[in-house]
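Next come the structures, one after another.
In what follows, subunit A forms one complex with subunit B and a second complex with subunit C.
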Partner chain A sequence: MHHSKAHIWFVWPAIILMIVILILPIFLAGGISFTNYNLGNSSFEWVGTENYEKMFSRKTYIKMIISTATYVLIVVPVSVVLGLVAAIMLNSLRFGADIYKTIFFLPVMATLLAMAIAWEFTLHPTLGIINSYLANGCGGIREFILGFHWLPWVSSEDSWYSVACANNMDFPYWLKDKKTAIWTICFIGVWQAFGFNMVLYLAGLTSIPRELYHAAEMDGAQSTWEQFKLVTWPMLGPTTLFVVTITTIRSFQVFDTIEILTKGGPAKTTYVMMYAIFEKAIQQNITSIGAAITVVFIIFIILLTFFQRYVIEKRVHY
Partner chain B sequence: MLARHYIGESWKHGLLIIGALIVLIPFYMMVSMSLKSQQEIQSISGGLVGAQEIQTFPVCTKHGYTEEVCTMRPYKYNFWFAFKKAPIPRYLMNGLIVTVSIFLIQVLIALPCSYALAKLRFKGREFVFSMVLFCLLIPVHAIALPLYVMLAKAGLVDTYAALIIPWTISVFGIFLMRQFFMTVPDELIDAARMDGMGEYSIVWKVMLPVAIPALLAFAIFSVVAHWNDYFWPRIVITGNRDLFTPPLGIREFRGGIDSDEFGPMMASIVTVTIPLIVAFIVAQKRFVEGITMTGMK
Partner chain C sequence: MGTISLKNINKSFGSTEVLKQLSLDIQDGEFLTLVGPSGCGKSTLLKIIAGLEQQNSGDVIIDDKNVNSTRASKRDLAMVFQSYALYPHLTVRKNLETPLKLRDYSFVERLPLVGNFVPSRKEKKKSIDDLVFKTSETLKITELLDRKPGQLSGGQRQRAALGRAMVREPVAFLMDEPLSNLDAALRVHMRSELSELHNSLKTTFIYVTHDQAEALTMSTRMAVMIDGELLQLDTPSEVYNNPSSLRVAEFVGSPKINTFAAQISSDGSVEFMGIKLERKFNTNSQKALVAVRPEHLEITKDSNKPAFEATVSYRENLGSDIFYHVQVDQSDSKIIVRGSPAGLISNGETVRISPSHAEAMLFETSGERTR
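What follows is the complex of A and B.
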């Protein structure tokens, strides 16, 4: 093997930057979280675990944890399943797959902030095309389909659609109503994320050898569903693991849509962690509590990745 | 059998078309609003492009322009007025400066490091690599607050440096390149050494050209992420308009949603969003490859 001192100059810049930019800040956040330090103050005192106690007892932060968990637990499974379904459907098409792929991938590429504003207008109670579309459909086929009148147990009087039509077009306010805001934010999250998952699943599907399907057929797996259970799903194990991990980490970091659309409201129903850090530490300059949230946030993410990489990974290799 | 196949296929197309329409709704809304007049937007009429009647725009005359200047078709007015109100070219330029600098510095740091990790034997190599693997777990957005404190202490808030520094180290880039260099045969490097090349020239004259496909994928990944990033610029750029990146510009246009005109606002948003979307549609294959290649690890 070659001997030279070159590696020192090759490796050290990266090592120094890793330490200063990625590792040091974690310890800094840890340190600040046990003080009452605020940016701009010249002195600070150690306050022990006070910031953490605040975090786990005050209503605001409990709401923060609830809305973050809601967002992650909705967006991850829905966008992963939608991505998988879209990939399988596209993979079995004989023409047109490329067009759908481009369209479904557009939200991944487009600047999320711009798209959030576009959604804001789309869902606007008076200017938006969604509510005007719903209002124009009162008494027609849209009311029948979207009001679930085709389900035997939904009577046409008390479906949400008919009630709204009867009450002077009282359709949901989406982002402005505390009952619907978080779900609307989740919907935008899924809208943005599923195309990315679809592309990863498409790559995963092409790597499954055709022979496996023939073999499964020989073994009596005739229906598409049985073949999916026997071949596709297990073979996609590593892809699924990766897709779930990356979607989870990204969902934990949701910020753009919240800041532009709801600012954590109404009634803190969309008060997710990244927004809490931003609001407390940057806007209100309460650095110490922001640091405590940061620490909890980092622990969440590191535990999650460790769990997925080292525990589940053992089970998904076939 | 064949008929059954076609029925199965059209059923799928039906579902996929519904899905595609839902995905496209906000894009439709965005483009449509950027073309129509304020009255058409508020009454939700005029379809995609509106009637495009020549008219005089009151907000424009209020800004001190003559009536003659302010009389034109809505689509023209929206874009014209958007450029009058905000320094859009400046925002796009900033976006370019920041994303390109980030990418170049990332490569400058990551390429030699990943070459050393893949092809040189030295003490502590395993340790450095496990450090890279550990750092892969840390999303930079999650440690934004302590980074912000550090940059504020260094007096770097509201500078280009603040926008670039946290992203100069891409552990992901190191990892990706290292995996790529592992597949490069040792003979290539040995031959270069025989020719009397030093390690530095090997990195930049032998490994760099070899790594172009991986670098291209990484470039797409990096540029897309930082062009679209809103969180970090929002934190470190507090008011200096000259440093606004495209997403910060977008935020500023939105400003007063109830007071201002929607047409010019959407026109500016369309202008800022379009470069990346056009690049994506033109080089779609590369983009998807880039994202999946960097995605699959």
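What follows is the complex of A and C.
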């Protein structure tokens, strides 16, 4: 029997491209991470695991891990839940849903760069609209609401709002304060991500057969919550898996807002991995450390993918 | 008890009227079929009974109680859907347990984890397990209990859906074309099983179908619906042998009933295709339609019988019977005649066709029956 070799000729360009563009760089980064090579140097020495030891002993890199983890652990759950809630609410609207969809989707479509500059102005400690709005509200209804004076255990003298008003309008510095910077960045991350999740959930919701809700009703599921538990949530399983995966990966990759708003500061509280790679490898030209961070970054992503592939997917019905 | 009555139900979607002033009384323990061509509003009517759809006007009364403002889950009915609508993420066992749990467990008992510590739940769980097992035995799906709907064949899914409806004891079963997704052989088999099930359960069944064979074989009474109106409600044999209008006569029966233009003389005697009917009819009109079922026509060689001539254009062999599609000479009308398999007649042959004694039905040109 004659075996044609033609198929090899058809696939090799794709295989070569894949190796050169996708696989080789990863191994290259892996290799460089064990050297002291800097871009432009003519020679390098093997330094073993020195770069990694630095990463796990120096405070900077510990802070990098903490800030990245904080960002991912806040943005992913909050934006997924908000996206789901918004999608369910929009799905039940009879009219006006398109307007809401457009508004919520705007941050996804707009360039994050431009949006980040807008946020910078908004959150400026003295000139920003947020702090001037807070300052004007001292002693008024805004203080009552935002200072949580309506909660029985908050006294109207000790709330954060009253204290700020009393101390010469000492409102949070948002991005310039190490206590608030990462949370502000998280807020912007959620604001940016949840519209996209909402659109994915809307698509998932329309694909649930109506007869299942009828069956649930006939079976005695009366409250919206029961129907959600019995039909909506399980049927959205594949959508949720996709939404969580994509949001997690995008959260790991957060860079634009950090670069424009905080540059990793103050006191490295917003020093996320992607920004660290950029700062070390590009700005400071320490390629080997950049490569080591990249390898850790890739390992995180691969672990995550495996977790989703083997743990969550088993519980998802298709 | 399981009596359901509908009074002057109207339903329209936008400007399309789907149901027009429809009234219907369903007795306890009855197997009632709602039959009609697709788009006649029978599924909508079933959903109105279930409470999944709200009528524009009229009353739904279940067991002498007006349930117009009672929601579906409180009406205590069970429904089998055309697409089965099993919960795809749950095993068959869990699917069967769902209606019991939702109705029997209290809110606290349904909570995950916490519910396990409520003492009363244990007994209820036991009785639920027993009921699920009993139902699965009846339907012969015990070995499928731990599979998910995606791993079942069409017929098994149908049984599981039936089980989910049967597992508690509802006032009535509503079935929306439950057999239409099955293959022909299984459909015939399930017809007899459903009839047996009805006999043993003695609960009211309301069964929607477009398949008149299902309606004729299973029901105690069948309701023929066309264009949102209830045309006839009677036993299958009465509907078949004594249709109230031409539309019913044409819908029920396969192959379709044959119609002929007829002239009526002043003394009430009727003549069609050169044949004079023996009966006399009391009518003022001069023109009418005579309808004869294919099995009431025969191909005859006896020249003494009143008959007309036609040419065989197509022979439909069903094994037990042969239906001849014949072209009447000098007209476009085609008629269908049942013949016996013996004595084959080939296409193109001219035959003499004669109606059997006293089986012809007379309809006004408007479609109403004249007796």
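Everything below uses one rule, namely that the second predicted complex is superposed on the first by the 303 of 318 C-alpha atoms of A that agree within 3 Å, B and C clash if a C-alpha of one lies under 4 Å from a C-alpha of the other, contacts with A are read in each partner's own complex, and residues count from 1 in each chain.
Convention: contacts are C-beta pairs under 8 Å (C-beta built on N, C-alpha and C of every residue); 3 or more make two chains touch, one makes a residue touch a chain.
A quick note: this is a predicted structure, and the numbers were derived from the prediction, not measured.
Subunit B and subunit C, once both complexes are superposed via subunit A, fit side by side.
By the document's definition of touching, of the two partners only subunit B reaches A:94; subunit C does not. By the touch criterion defined above, A:226 lies against subunit C but remains apart from subunit B after alignment on the C-alpha atoms of chain A.
When subunit A is checked against subunit B and against subunit C, the one touching more of its residues turns out to be B. Contact with subunit C, but none with subunit B, is seen for A:217 once the two complexes are overlaid on the shared chain. By the touch criterion defined above, A:234 reaches subunit C but does not reach subunit B.
In the superposed model, A:209 makes contact with subunit C only, not with subunit B.
When the two structures are aligned on the shared chain, A:166 is found in touch with neither subunit B nor subunit C.
In the superposed pair of complexes, A:26 makes contact with subunit B only, with no contact to subunit C. Judged by the touch definition given at the top, the superposed model places A:299 against neither subunit B nor subunit C. Contacts of A:7 after superposition: subunit B is touched, whereas subunit C is not reached. Distance between subunit B and subunit C in the overlay is 10 Å (nearest C-alpha pair, rounded to whole angstrom). Annotation: subunit A has no residue touching subunit B in one complex and subunit C in the other. Across the interface of their complex, subunit C is touched by residues 209, 211-212, 214-215, 217-222, 226, 230-231, 234-235, 237, 317 of subunit A.
Residues 47, 50-52, 71-74, 77-79, 81-83, 85-90, 98-99, 102-103, 148, 164 of subunit C are the ones touching subunit A in the complex.
Interface residues of subunit A facing subunit B in the complex, by the touch rule stated above, are 1-2, 4, 6-7, 9-11, 13-15, 17-18, 21-26, 28-29, 32, 39, 86, 89-90, 92-94, 96, 99-115, 117-122, 127-130, 132, 191, 195-196, 199-200, 202-203, 239, 242, 246, 249, 252-253, 255-256, 259-260, 274, 277-278, 281-282, 287, 290-291, 294, 297-298, 301-302, 305-306. Within the complex formed with subunit A, the subunit B residues making contact are 9, 12-13, 15-16, 19-20, 22-30, 33, 41-42, 44, 109-110, 112-113, 115-117, 120-122, 128, 131-132, 135, 137-150, 152, 165-166, 168-169, 171, 174, 193, 198-200, 203, 224, 227-228, 230-231, 234-235, 246-247, 250-251, 254, 257, 262, 266, 269, 272-273, 276-277, 280-281, 284, 287-288, 291-292, 295-297.
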